[in-house]
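Same chain, two partners: chain A is paired with chain B first, then with chain C.
Our next item is the complex of A and B:
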């Protein structure tokens, strides 16, 4: 069977030429670089033009003019803007994102702790919701207007319209407090929380490598509810937009020809319509991913998990400019990478654009 | 015993599912024998609906009904969906108007021809490849091996139409329905593609239903012509007798055909009222 499939693809399917792949990759990298430059300029402008005065924040408003001037000089605030931008880039290149004014810790170190947690949670939630969303959309499009279709539309509407913090609290009350099926707040049970090392910051990976089977099980139990919650939050938009794309594509003439060839509805959906919806599908999934990365604040708060969203929110409350900028930069880079990869995939998958 | 026609249709009608209005097509009866049958009429006269009804491929809000639809020794009007799937593409095949829309932009020529084969017969991949190459050769596609890996957007209109023909013919159907197969092509290609279709129909003893609004073409190629007007079959005659038709509608259609002589002159206007008066 695999032999036959392999032969089929070598006979009938043309893979993109290496030169084409290289061209697409090169243009993608170029556009990524340009967007990154824009992002750096914006984050720098945010810090330079923000009404918060870091020097004043550091020395307090009773300090003498001399101390204040010294602090300004130490923080590189007295140089002209272009020079400050160059210094900013220079510091970034050396991995120096500044020191948090709230905690006195280097921002990079703090981000290293919180970003993997967010990344882990949103990636798992995304994989789950993308698979479930596309599956539901396929069922909907296979029997449009049927009861399956209505049930799926209601599920997806509920998922995206019920407030996530409320759903989170209800889920905790039922599945943790009442039935004890899932783990409670935090990433691990207390017994493991301070006993295992977190070199990667990904709790599933680190608890697996800790050698304690209980730690891994605990991590999974604690991840269950937040992952399901986040997944249900984006599931609706993925399912609805994919369903619309699939149904729109079903009116194309090539679908009629496929039916005239003797293909059934399920075959047509899987072999013709789904591949032709790859563009809109990848786009909505990428959008869901960016939503998850920045929008996990409420979930992280309700479940008392560390994460980028919560870190950024706290930094905003304290007016902690270096932390805000660091978190924004990480989020921005993640967005650029996600969008760039999506663009590249869409182009690679479409023979007309290769 | 009298010779059976390939397809014998009795009292075919196409209605909306809510059924409140008069039928969109028919009811009318016709036979399709070997050799080409032409189906002509103006836009909206029900030609394409008739063709789709013969394949049970109507849009979901429409419904076809016929007293009898005999294809060889099979009755088609009582088939269920699964049985129709076995007929479509294997015994009755369809060629559509515009290859730019009717071919899937994401699949290669080879995959699309092979798909029609794969849906109906169980064969080893290499055998299927042989059959695909053979049918591509029959429809005059050059360098078929390289062409297998081309995508539809890399083909010219004429080649696209030949690919569609290859898809239709790969299972050796007994009836080919060609729904305006040449409207998207220029004049030179038009004759080439039609000549090819006639020749293939002849060699394989395949019936051909040619839907067109190009009357001179139909007159030249078709043994029998059905003329449709507002969902009704208003006239039927031999293809070579189209210019001497007695039905006023057929006459009017024939007189409306543009040619080198009418270039620069207004075409005769055709008056529906006189036809209805005549018909009733």
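Our next item is the complex of A and C:
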């Protein structure tokens, strides 16, 4: 451990005993498993009780009665509801998420293709928005009420209140269609799109490894607008909530003491207040991440990027129960992991929470 | 090593930095490649025995061929494709086809009588969505093998138990479900006795002008030209169909030049594209017909079973306002069930919007009181707009429509269980023969399939018999006469108000030439396209 990381860890993780860590981890894992089981049961019940008939959806309205009956049987729709759920869980335990009724392809394979796309987009957008958001919040808190604060408040409000769908179309019309600064819909230019293999599903990684000059640049060009758009979508909430937390902390007695000892405002903000706001900041950023993972659907639609959000929306439209359950499961696991990790980190960071 | 990677990354960033601000967008798609953008999320399967969605139907014509197909220039005329000729049997229940000499599949395998037999029998036995079309010939999984006989390697005899004419059977054989697949290739990819179905969902084994190079589910389909395709030689090398879910994005791609053809645009997109340089808007007839349906079995509203109410409803649709103002030419006024362009279609439009006349009809029948109805509508445009127009025009005669806007599957589930009052629907013929549509609108057999007439609860033993007589007749002129008569009866007195026929519009770059499209969904021809 270098000096810097040692300092950082003592600054944040104060006096956490190994037994406490273990207890926190164990309770978190148990609650994760219970939440996941509940999530599956609720999703299954909702899909099964929805008025959309998946068999009719699959075979169409003109198909014969025999074809319809055959499809119902193939989709396990003729079994009682609890039995279907048991069948589903049984297959799930064997790593089988079933076959999509809309595409006839294994759900696991489809999720393996779409999840990395959403993960990549959301993670880059989150990193960008977290850095920019916290930076803006610090500036706002350093000079509250000043013109900088007002400008930042307007930027934050715009980011979170303008519909992302509209903003996406306007951005495409200006930066792609009019000025040609950014790539258009899709993940790559047509010249690379169907020639590059995508083993990882992460377009930046795969285009980097493709060995084709220009492929990586094309991937970055196509990623610019959706990433900036998604980042602006959560930037507002991160900046505003972090600013509130920072300002709240600035009224604490320890700040007055530091000031009395002669510390400068910026020093106090960065070295005393910011570490104490780590808990709320983490929560805000985690919330933003979950929002990005599920909220990327409109961005994925406008920018024609195949991702989890669009996959789930399509599955819902088609009453494709195995796909809905599979996508919900992945999203659920992601949410639970993010929330669980955040929860654990917050408890570790703040001794009062243990 | 790390330093090397870092240096590479640095160069790459530098490259990106230089490329980004100055690289101009391409003015056109690469030569030899045609890029089509459309909504393709509905695509279930590219197996011709299974796919029956609009997207797959539009593609099958490019990937597979049938023994006979509609002539692109005149769909009422049939032309031999994988067959060289055919002859009807003496009993009027069979056809013997001579296969085209030297015809091969895209992989080089010869097209044999065995492939024809396998393809038809496979489609019947798999029994997926479009199998009902082949069932019209009386074919079932149990009897199909006896109906298909290989005379020798180049002759195949096809017979059928149903009482239908050879002319009708030929039309059935033009449908995409009757596409000929390469038996050897398909069986080589068979898994767990699935007749290669899983593989064919995303691959091709046909003889059409294009073959599938790569299908990326929900993203794109890349097709390579098949220069050996019998009878056609595609002029472009590659056809890329991209799934772009949003219509406004499709328009942008076309305007910038990253797409050559854009499908499924809305009226506002066409308005915006009109007059743009390098963009051409093409219009093609479509066999889609829109109509209003009433459920006469609904006990809570006896007016629905009253022919006077049906009659009044015909005067309460603002046909012209819908077609010209609301839908801006994407639909035309059409009041018979056979779409304009089908042999035998009626093109007269005896009804127009006349609320006073509707009121008089209702008053005469003692229905001059407020009537409340639920109207089921698909949750898609333009249906919601149309339903709102109907709501206001029907209100002028005291008929209050309450809209129930739902997903397609929900509306169909209500129709099938007859738990609706009124619905605004559309009809697309399943094959290019009048019987496809007539058997839905004008036939309600005692213990038969649940046709549209059944869904309306419309008891019509005589009309059903006449429809049956029309399909059995082997005299083409007599058939047309019968279908005209049946259409008149449905037009003047039925729980259907047929109102509009769709016009299919698409936008393309002005350098794209040779694109053709016919009335039916599967009549989409990319083979003669140049750019």
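As a working rule, the second predicted complex is superposed on the first by the 286 of 354 C-alpha atoms of A that agree within 3 Å, B and C clash if a C-alpha of one lies under 4 Å from a C-alpha of the other, contacts with A are read in each partner's own complex, and residues count from 1 in each chain.
We take it that a contact is a pair of C-beta atoms (placed from the backbone, for glycine too) under 8 Å apart; a residue touches a chain by one contact, two chains touch by 3 or more.
All figures in this text were calculated on a predicted structure; none of them were measured in a lab.
Novice: Could you tell me if A:81 is touching chain B, chain C, both of them or neither one (first, second, both, neither)?
Specialist: Touch status of A:81: no partner.
Novice: I'd like to know which partner A:310 touches here: chain B for first, chain C for second, both or neither.
Specialist: After superposing on A, A:310 lies in contact with chain C but is clear of chain B.
Novice: In the overlay, work out which of chain B or chain C sits against more residues of chain A.
Specialist: Result: the larger residue contact count on chain A belongs to C.
Novice: Does chain B (first) or chain C (second) touch A:351, or do both, or does neither?
Specialist: In the superposed model, A:351 contacts chain B only, not chain C.
Novice: If we overlay the two complexes on their shared chain A, which of chain B and chain C does A:276 touch? Say first, second, both or neither.
Specialist: first
Novice: Based on the superposed arrangement, let me know which partner A:257 touches: chain B (first), chain C (second), both, or neither?
Specialist: It touches chain B, and chain C stays clear.
Novice: What is the shared patch of chain A, the residues that chain B and chain C both contact?
Specialist: Of chain A, no residue contacts chain B in one complex and chain C in the other.
Novice: Which residues of chain A touch chain B once you look at their complex with the stated criterion?
Specialist: Listed in rising order, the residues are 4, 7-8, 11-14, 252-254, 256-264, 267, 271-272, 275-276, 349-352.
Novice: Looking at the complex, which residues from chain B come into contact with chain A?
Specialist: Interface residues on chain B, with respect to chain A: 55, 57, 81-82, 85-90, 93-94, 96, 98, 101-108, 110-111, 114-116, 119-120, 124-126, 129, 148-151, 153, 164, 167.
Novice: For chain A, which residues count as touching chain C in their complex?
Specialist: 51-53, 56-67, 70, 102-105, 110, 113, 169, 172-173, 176-177, 180-182, 184-186, 189-191, 193-194, 208, 213-214, 216-217, 220-221, 224, 301-304, 306, 310-311, 314, 317, 319
Novice: Where on chain C does chain A make contact in their complex?
Specialist: It is residues 12, 15-16, 19-21, 23-26, 29-30, 33, 35, 41, 43-45, 50, 52-53, 127-132, 135, 197-198, 201-202, 213-214, 216-220, 222, 240, 242-246, 248-249, 252-253, 255-256, 258, 406-407, 409-410, 412-413, 415-416, 430, 449-450 of chain C that touch chain A.
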